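Dumping the structure here so I can ask a few things about it.
For reference, chains read A, B, C, D, E and F in written order, and residue numbers begin at 1 within each chain.
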Amino acid sequence: MTTMAPAPVQELDEQIRAKLLRVGSANVANVLLARGFRNVMMLGLAPLADSQEQLVGPAYTLRFIPAREDLDSMANYGRDDNKHRRAIEECPSGAVLVIDAGGSTAASSMGDMMATRLRYRGVSGVVTDGGYRDSAAIAETGLPCYQQRNAPPATPIALHPIALDEPVGCAGVAVYPGDVLVGDRDGVVVIPRDLVAEVADAALDAVEYEEFAAGHIARGRSILGLFPATPDSRTEYDEWVAAGRPEME
Amino acid sequence: MTTMAPAPVQELDEQIRAKLLRVGSANVANVLLARGFRNVMMLGLAPLADSQEQLVGPAYTLRFIPAREDLDSMANYGRDDNKHRRAIEECPSGAVLVIDAGGSTAASSMGDMMATRLRYRGVSGVVTDGGYRDSAAIAETGLPCYQQRNAPPATPIALHPIALDEPVGCAGVAVYPGDVLVGDRDGVVVIPRDLVAEVADAALDAVEYEEFAAGHIARGRSILGLFPATPDSRTEYDEWVAAGRPEME
Amino acid sequence: MTTMAPAPVQELDEQIRAKLLRVGSANVANVLLARGFRNVMMLGLAPLADSQEQLVGPAYTLRFIPAREDLDSMANYGRDDNKHRRAIEECPSGAVLVIDAGGSTAASSMGDMMATRLRYRGVSGVVTDGGYRDSAAIAETGLPCYQQRNAPPATPIALHPIALDEPVGCAGVAVYPGDVLVGDRDGVVVIPRDLVAEVADAALDAVEYEEFAAGHIARGRSILGLFPATPDSRTEYDEWVAAGRPEME
Amino acid sequence: MTTMAPAPVQELDEQIRAKLLRVGSANVANVLLARGFRNVMMLGLAPLADSQEQLVGPAYTLRFIPAREDLDSMANYGRDDNKHRRAIEECPSGAVLVIDAGGSTAASSMGDMMATRLRYRGVSGVVTDGGYRDSAAIAETGLPCYQQRNAPPATPIALHPIALDEPVGCAGVAVYPGDVLVGDRDGVVVIPRDLVAEVADAALDAVEYEEFAAGHIARGRSILGLFPATPDSRTEYDEWVAAGRPEME
Amino acid sequence: MTTMAPAPVQELDEQIRAKLLRVGSANVANVLLARGFRNVMMLGLAPLADSQEQLVGPAYTLRFIPAREDLDSMANYGRDDNKHRRAIEECPSGAVLVIDAGGSTAASSMGDMMATRLRYRGVSGVVTDGGYRDSAAIAETGLPCYQQRNAPPATPIALHPIALDEPVGCAGVAVYPGDVLVGDRDGVVVIPRDLVAEVADAALDAVEYEEFAAGHIARGRSILGLFPATPDSRTEYDEWVAAGRPEME
Amino acid sequence: MTTMAPAPVQELDEQIRAKLLRVGSANVANVLLARGFRNVMMLGLAPLADSQEQLVGPAYTLRFIPAREDLDSMANYGRDDNKHRRAIEECPSGAVLVIDAGGSTAASSMGDMMATRLRYRGVSGVVTDGGYRDSAAIAETGLPCYQQRNAPPATPIALHPIALDEPVGCAGVAVYPGDVLVGDRDGVVVIPRDLVAEVADAALDAVEYEEFAAGHIARGRSILGLFPATPDSRTEYDEWVAAGRPEME
């Protein structure tokens, strides 16, 4: 596999992206729960490779419906106006391609040629509630990808691309174009677009507190009074931060 | 329950409708298979009541995506521009309301008030890949309805209406607006809109041949040479029809 | 089957019971949703018979864990201190026996002898997230019963009764002893015990408004401005009630 | 539907058949459990119609494997040596046609023409771990049938008949040709062929004891000391039988 | 992640633990089968990391039921008497925390802070029939953990801790406090507490015989007459052991 | 684990095998789709180890049915005429052992002793629609193996070997003896035996074209007009091949 030269990433404020690259999907889910959002983690999706980078980026969506034999021939599939192929060329750099496959793994949501192209174009990753073909080759591109399970049959056997960049459901969660996705080994969480900045701040704060708490726990302190944070432990943390985060004993 | 006074049914040629009211979904599926369509029966759907009428009509679609807490309050649900409620008022008389709920039974695709209104308006029936609430009361209206299984929680708990009358997937089958659905106790089959007239003819022909064959089988004749039809048995059938379908001995 | 002579029912205020016998599980779920309770409908349970009475009563629970060959012989099963058998004799008259079988249909949660005894003792019904044996005979007793699906193998093959009248999960919903269950054809809803009176009132009010709305819808009125209720339609309803609910035209 | 004139039933001793027509599948499962057989109830199968007769008869098996496009055309399907069609003509009168469809409901295990022929030929019933097409018409024939769920697509879309009358697995249970199946509303149980006579006797004995116990329970007696039977209650039962089963008070 | 300094392990005899660290879960299952225990392997659970240590230890249990909105706020979750948090502080060193989550992956059974604390306290591992959040960070602690699949949403969204150290069902197997669990890449097996010593001996004997057999098989010997062991092969093995297990040719 | 010394592989033309070792299962599926075969990828199977070799070889089949307690004792299991054990000794070198376990993971389709023997005998790999025990030890042998998920209980608990080398269904696909299987990280595809040579050629051609296309895509070229191939891009490829596949710029 030739080395990838990813194009520059855009559209999500770089400071927010930097924060979201440091937080876990579970941290984000907690922050959203505190704001009344309970259904934000995609269900049953797993990363294609344990070693892939953290996924962060705004959603650009592709929706499939079931294929029909007269519309979904291999000949039609190769047309340049096929929306599956258009999605690969039109998904913005920096964005995450979110595919609503209706949960079907009867045919592939993407193969390695498409993944190679997306990686080159600077797309941040791909999420499908179906699955991929050529999974080993996709993993080699380094593109962060999530799926339900492998789905090697050719796309037109079972899936027809019907719409681009509209609101979809994916793995049980609503995704509106521009919502921001964060994915790690736990899975993928969706942040409503208007809340991204505040959620990034709150999640990063939680991560930094957890680093503090983990240091204490690893030295033998109980989680009681420490995790989840209490007013007292929070004060202690603030003082530790103010002191320049000194080495724990 | 007050007696329903259904409005007149339109839009599907009445002769075609009359033919499709006499054929089974399995007959239609066979005719479509002979034309290369293999994936036409909706998966896992059952009629709400064994006694309901045969379902026949062109598709008018409603698509749901998962709900989100800030968008799907009960207050928003009651707005007149809510697409779930608009579907109930705008689905044409004679049509079938086909609901893509993403297969979710976490909330209701329809309740009895909506069914009562659809029945009054002359809508032919409702199909969802999710489920209904107030199922006993819906059954009383006589409206032919298909679902995966009961789904009594209020719609906004889990479902957000996002689009009307666009192509959808429902229970694993593509449904384009205007495709014609036929439902009986076996389930629901979808006929591509351009093929409806020829499929109705071919399916009715198959049903009439089956009545001939059933008469013979019930009198002890083997299915070999009789069912499926052979050229000889077909000739025999044609002669019997020409003779005015005389009583079998 | 000899005629049943059910014992008198107790423990739930008779006026509240009377109200809950008139409302649907979906009405109750709506009322609970308005109070912040989203997860109250048991998932995937169905009545044993379409014709069975409405289920209403406070919960008395039995919890099973998987069987183990040395503990769950048929000999041990017949002992009088077996908690499965104790539940049948100790579940209070008027209560609902709620069985947490861990969702297992590998063995029976109850058979017809037990159902006959419960019916005689005036128990209001039985709910399991597993299933029953002798389902036809149970249905004949008239006891309202809900299950996932038939589970005819003998109980000790797969289930061990471990505890009576403690909090359990059943079909995805928390059930604390004394919570009140309401079951109809849609399924079973659980009302937290401290909310029963107010929920019964609010649900009955909703049912009565729905009867008013259904009358109008059956006469051709749109659901817009009528269902869900608006302040104007509510005023109209109140006036109609004040006028003695006159016949609609 | 013309009236069926079923051919006479053979092969299973008529006295044994008469006994098995009186017992429930759960009774049979209990008797087999006492002899060390734990896995005898087919999983997830339901009768096609609640009103169908009890199923009793020795197994004659048909095994399907998945279809392949070059072998499973409609043309090949119509050949007289197709094993699916041969099964319909060769399954012995009195036997039960047991179909191993590998659990697939992607295509039909049988339709109404085949059911009509089997009924005429005196076959006792059909069991599949897949499903049927034309289910309403099959139910009308009166043939006792069990399936997982409706499967209306034409057989050659997904199933290829590969073998007749060999040992198969069906719905999780081993079925050897000649094993005897008993089916009621609970489902279907399989009796190893060498044990049929003794199992029929023991199951009938259990049923008769249960009738005795049910009489007492319906009159208010506790299940403790009565069900399951104890030595004392057994003695009481024997005396009641010896006394000519007098009316209970 | 700071280096863990696990506390010393207790309660299971160290010689027995040493034996069980050398055997596979499948060996243990075989030994239990020979004693009549058929249902001992937890179903559908997988290790969090392929590289994690073998899991061995006596069970300490935590049982969840579904959450309810009024009881399961984040505020209540942080209380020191919350049983989820108590389990983390009270599970004995050397024990395995076995969590009955009713099979739910709608919320987390444990996160990385809790895992860090358990590791420090010398707990041997964690088994849930639900799933974890922060799975990558848990894997880094080295704590052997088994789950169904990742479950990142916060615990109070769906789970309520209801009881500690009582008999539970977990992944289809009964677990009584003090039963000993053994987990490897195949999954987790449960040994009834009274049989631990004899099972450890018998399983280790089987492992040692398998090493002997594997040596022969890798040199070309047939499995017939060698595996499973025959009296002759067993004699040959005993002689080889008596000879000091000489290098095979 | 002692080093394996695999026996020489036979029966599949070595040139064809060499080609199939270079192509992906998805390439093969595409080539078969172009010839009208849509159902060729086994569903839901995964490789035992990500690092295992590509699987290529003709099918030799073993069919299981559910176990029965009187036939499937451990004593019977050890007999030399047990078909499970015969399969291990009789599966030809170079072939793939394909196991139809009816999809059951209630007991093991194979353990490490058997895998060691198969590896020594030069068998190419094993595919089951059930699962294995001793999965870590099997992975160490290097034998390419596919399964649904781990299934550690002893085989006779749930599976009875009934037939060798007959047509079977495995994971939803028909497998006739001599059909050739190709497995990679995506899963396993089945090639009908009469098409193996032409499918190998066409799949290898597709792979080589994809290498050409991937080189261009990695350098920034759009997939439009390049992938899937167009007549123009195909000409360009042919010229590049004729030019000796020069380094791309």
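A few comments on the model shown:
Basically, a residue touches a chain if its C-beta (ideal position, glycine included) is under 8 Å from a C-beta of that chain, and two chains touch if they have at least 3 such contacts.
Computed from a predicted structure; not experimentally measured.
Contacts with subunit A and subunit E are shared by F. Graph distance from subunit B to subunit C, where chains that touch are one step apart, equals 1. Considering the contact criterion stated above, the chains in touch with subunit D and with subunit E alike are C, F. Homomeric contact subunit C/subunit E is classed as same-residue, with over half of its interface positions used by both copies. Each chain gets a centre from the mean of its Cα atoms; the one farthest from the centre of subunit D is A.
Separating the CA-averaged centres of subunit A and subunit B is a span of 38 Å.
Put simply, the C-alpha centre of subunit B and that of subunit E have 51 angstrom between them.
Centre-to-centre spacing of subunit A and subunit F amounts to 32 Å, using the average Cα coordinate of each chain. Along subunit A, residues 38 each make contact with two or more other chains.
An unclassified topology is adopted by the chain contact network, corresponding to no line, ring, star or complete arrangement. Under the contact rule defined at the top, the touching pairs of chains are A-B, A-E, A-F, B-C, B-D, C-D, C-E, D-F, E-F. Listed in rising order, the residues of subunit A touching subunit B in the complex are 36-39, 64-70, 102-104, 158, 160, 162-163, 166-169, 172-174, 192. Subunit A makes touch with subunit E in their complex at residues 24-26, 29-30, 33-34, 38, 40-41, 43-44, 46, 184-187, 189, 210, 213-215, 217-220, 222-225, 227-228, 230. Only residues 1-5, 74, 77-78, 80, 85, 88-89, 105, 108, 111-114, 116-117, 120, 133-137, 149-150, 152-154, 157 of subunit C touch subunit D when the two sit together in their complex.
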